[in-house]
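A, B, C, D and E are the chain letters, set down in written order, and residue numbers restart from 1 in every chain.
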């Protein structure tokens, strides 16, 4: 196994969340193919192996164990902070018990801040801005919008959703004490089929703005229900752009009312990213959604392995944990913070609506796309961490 | 307050009728054949995807007609070459058969339509708002769904009352051979019933598809709630299923509307110390948060105190 | 009545009634069965004989009246409680354990009475007394050669015999047999009569039967149930001669 | 009855206590096999797989106490497995840092006790009914418990669940239980204990009465038993063993989350038990081993593993309703009369075209998949080491021919094997 | 009407019918006698197609072996099973209605007729079939089959569990049925009644017919009776 770098991608490949999981795997394969065509990393080929965790923490551990038994040393996961936390704990334990065969966990989307704070680990890297970081940026944006008076929070009832709500409450209070939070709702994760009762509540509360961390169908169904009952508010979201979201927004006909904060969109006019997006879209015609976070994670991993000249996590982590990097979406300045292994990168706030003439990327063949409405540079997103990292001596 | 009550009532009715639309076929199959069709939601999904595909080419209305027909024929094939042979091995075997079927249908749907949601839209002819109350608009399409539910309910009532099919199937549950020897083609009737049952699921799929998300996981999402409807209503009772759908729709909708927890009623928790942490989860939980589990509470309570369900006749 | 005043009757029915909805099926039955008597209940189809058994054995709850077993009130008790007091019964419609072997069928019926109850710490195979009793019952009902067949695949008549086996296995001192001879051939019937005579020795037997030769052969006393009421209760000879009975039940085909 | 001239009375079950070896021999053999397995399958993957199988064997066996022995179809058995696991995990976390002398291998007892307690509680509610009503109550309870677990997030840890570190317990005999092999033996011992206990239970008066209740509950009342009590006891006891399984799972995975109490997990145990065969004590064991293996491994071989999984189950339910154990049990008379060698070649004869048919079918599935889902990868694909293009007719023709011919030959061979089988079986009766 | 030649039938491996030959003419009452377990019931079941028979069965000159039970029933054969097979959940009336075949025209037997002959059933018309007494079930099952307007009715042990007086009623009923032009194939344990109403009798032993003749001939043939009927 010395001549291949095995990367275990542990994410849902069947069941409810498979749509997002599959997109991630597609992108991993796409990246690996590109690298392999150029001769690989340090002459070694990249092999991406998908492991289906059915978005269940316990199954994830079984799959990680399986991956390790099959010679994988690098675990990549993103979907779900509950899963992420379980893997983080497992990796920590595993490395402690197997001091001569380390594994590393590259997290591209599980962004519960706990993962890089109280339960941070030397063997874990977070490539997406965590909930607090994103909320910091988002509230900075909201701060300038005078028309926002009443905010409603609706989130999924699990660690990530609670993290979103908590940070929203505290940061809004600090930055815009005049804003009234008229609702702070949690609903079960992927169990609700009919969101109209929630919409009725939002409407009754008189909110003008909703902030939500919902993703997947919890987002699509929410936005559709809102559209159907004519709820007249603006939406600030974390994941409106993920699989299914754009279709739903288009169906709800919410032109320019849905905002998203993330690490990048296709319509930033940055040629390298646009080319990659086109190539990718040509291969994966059915699901051309692109997650820059995955490109960031992989590129940085490869850079670290190249620099360290080894695919052994123990050897390349020192390179990775203090790396400076130009982010995928627009080449913006980014850096990995050594204290908690959190990547800081430029974040973008964008709005969804019909494409302008100079924009070339629509989403999910809807004819609508993302337009940048705000940008926060990496250094403006830095917030302190409580991480007390245990480093191997 | 009145506003939210009023809106909740309408929402509850609309949701309840959608539930009934989905559950009606299950009631038919469950009550008549005694088969707990775990694949019912899968046929519902097939209906949605067929509806989507047909509407792409021939418009929504052809989808509404042909998707159920297509699903019915698939259902009848499944019954003829699968379920029928399993029947004699008992209910558990039938149940597992349909369980296996859910995997197969799910994978086939993913093969054909992928894992991403498809863009299945409300037809233009129904894409307007029917009426507005308290600034909440109600789309015409939802009214249409309501109408279809009621029509199906009435039609099924009529068919079951007026024909002997119900009798024959019920008789066949205890002595299938004897029914045959009285000159009834039990096999064909079972096939028909199953076909009709899954066709109803497909109708629900065609209609719910545009309202909800048409995606390869939509079957799993529907989950056991349909069984709750059928059982709470009472096995073998269509009227029961109808009432139970409404009841569950309303209960869930109202529950979401109430943000009260024990803490709101009695003040903050009386306990302190380490144990309080765990206890307070209970103390602080709002009615809204437990809305999704209310149907199951209802199910357990009903079965304990009235095992034959709201309107069921037998407690098989 | 021939009850000796000093002994408590094995079964004592007084004012027993049963209705299903508006329909009165049992209309006030008073009947004493002294200990050790072989008593037959006859009557037209639908008269309520099986219902009477269901009332005594706890299958149905009486709408009125009382049932006493050896002087104890057992009215409306659950069947298992009545069974534990030493009353066992057979059913008109064969009612056995179809997937269990003949051997297990009978052994299960012996267990409670032998005191093993819900025991989950003892191995059944090591219960010598239960095994011996089972073997004895199977010998008596002439089914030893079928011991390891699943009861459900037995021929109809064999299932009937097993039904009786289940009823007598527990060694109860009051036995209710509902049409034990139904479906049996002549030869089998003869054998069964012998068996019933033997097992009911020193026990109380209450039996429903339409085969008059059996009834007159076995019974010490006969009650005639018509339309939910006992119209006569007497010795076989007197019953045979009773014109009302002849008219209501026996018809001309008296054997 | 008067014409059973032909049959001689088969030997009655003897009351003589059989020798020690005859009674316990099988368990000793099982123990030796369990002890030796890690030497045969020594890879890390094999070890973790066997650990999972061990917990699932206990779980499935406990489920069969309900379904197979007592005729109770429960949709909520995972509740006991899960609660057992949670309480075990809590107990472990509670003693960490204290100098409690409780060694790790005793913790499954806590799981078992939890399972028993909740078995008693939920059993009191659900076993008042039987049949469909019972099944639906268990479904409701399962949903209630698993959803409530998400609400009581401090106790159950929300979606994420709670984690433990099994190496934090006191190290008795130098066992840290860090290495998987030590966990394997822990599970193996508990598996053996539980299986023996559950087997012993089937051979008790209570076990037999459970069977009677399954067959004809009404009749049982007239031989003195309270059917509700019987159901209740069976339910509670099966909760006990499921709890032990859950405790072991907590130790093995070092994480418990609410999904493990859900309807999905209960469905899985129904599958295992049924596929293995509910009519036979060994059935659930076989089922647990096979289904666990497939769940883990099938996804490596093919992306559409769920399709094969579904087809397999459908096939099993249709053609082998008595499960794998049922198929094996059919061979027993052959073994007894030493006739297996006569039939075995015919099995092989049927197996060959059967495999051909399966190859053809999976080729069709894989090619469809290649063309419809893996469009990005292009039409070039590999199947059994052969590389070809899926968008030309030839492989399709080959696949269909393989499938059709395979099925046709299989059916013929199977019929032949059936004949030979029945001849071999009846041959025994002749002399 | 019915012509059976060399009929074989199996339950799994056991060969129950080993070449049965028999026939039933128009308007005829024919009985099959024999000891328990010789295969009398199986003969009737095999004619109905379950267990599937081997051999020739002709009904009104049409071969019916190999057809499905419901087909055979529609051709005009009615069957009353030994275990009665009342549908326990359905009411008495529904049980009777199920006897009517779909698309059936005028029948020789109607609901009213049943009520007239057995007022007891009318009283119970809305009670569940499972609640009926044994005797009532027997009446119900015969009437149910008659509702389907068969040309030939095969009845298995109709008098089992009936009170003597009811046995006579059944005997009369059967004769009445025959008078309406319905042939009857009867399996009966009670010699007396079979002998009285039958035109011809068969005696069965070990899966074959061992005697055929009129009741009088059977009475005369003590050998057959001793060997095969244990009388």
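To be clear about the criterion, contacts are C-beta pairs under 8 Å (C-beta built on N, C-alpha and C of every residue); 3 or more make two chains touch, one makes a residue touch a chain.
Predicted model, so just to flag it, every value in this text is computed and none were measured.
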{"item": "Shared interface partners, meaning chains that touch chain B and chain C", "value": "D, E"}
{"item": "Mutual neighbours - chains that touch chain A and chain B alike", "value": "D"}
{"item": "CA centroid of chain A to CA centroid of chain D, Å", "value": "38"}
{"item": "Chain D-chain E separation of Cα centroids, rounded to whole Å", "value": "48"}
{"item": "Averaged-CA centre spacing for the pair chain E and chain A, given as whole angstrom", "value": "76"}
{"item": "Rounded Å distance between chain C and chain E, as computed from the means of their C-alpha atoms", "value": "30"}
{"item": "In chain E, residues with contacts to at least two other chains", "value": "35-37, 230"}
{"item": "Contacts with 2+ other chains: residues of chain C", "value": "155, 157-158, 185, 187-188"}
{"item": "Where chain D touches two or more other chains, by residue", "value": "1-2, 147, 306"}
{"item": "In the complex, chain D residues that touch chain C", "value": "1-2, 4, 7-10, 12-13, 15, 17, 200-201, 203-209, 211-212, 214-216, 218-227, 229-230, 233, 237"}
{"item": "Touching residues on chain A, where the partner in the complex is chain B", "value": "15-19, 22, 157, 185-188, 190-194, 196-198, 200-201, 203-204, 217, 220-221, 224, 228-230, 243-244, 247-248, 250-251, 286-287, 364-366"}
{"item": "Residue ranges of chain B in contact with chain A within the complex", "value": "3-4, 7-8, 11-12, 14-15, 18, 110, 114-117, 119, 121, 129, 132, 134-139, 142, 211-213, 215-217, 220-222, 252-253, 256-257, 288-289, 291-292"}
{"item": "Chain E to chain B touching residues, read off their complex", "value": "48, 50, 68-70, 72-74, 79, 81, 85, 87-90, 94-95, 97-99, 101-102, 144-145, 148"}
{"item": "Complex interface listing, chain C residues touching chain D", "value": "57-59, 78-80, 83-84, 88-89, 91, 95-100, 103-104, 107-109, 111-113, 116-128, 131-132, 135, 142-148, 155, 157-158, 161, 166, 169-170, 185, 187-188"}
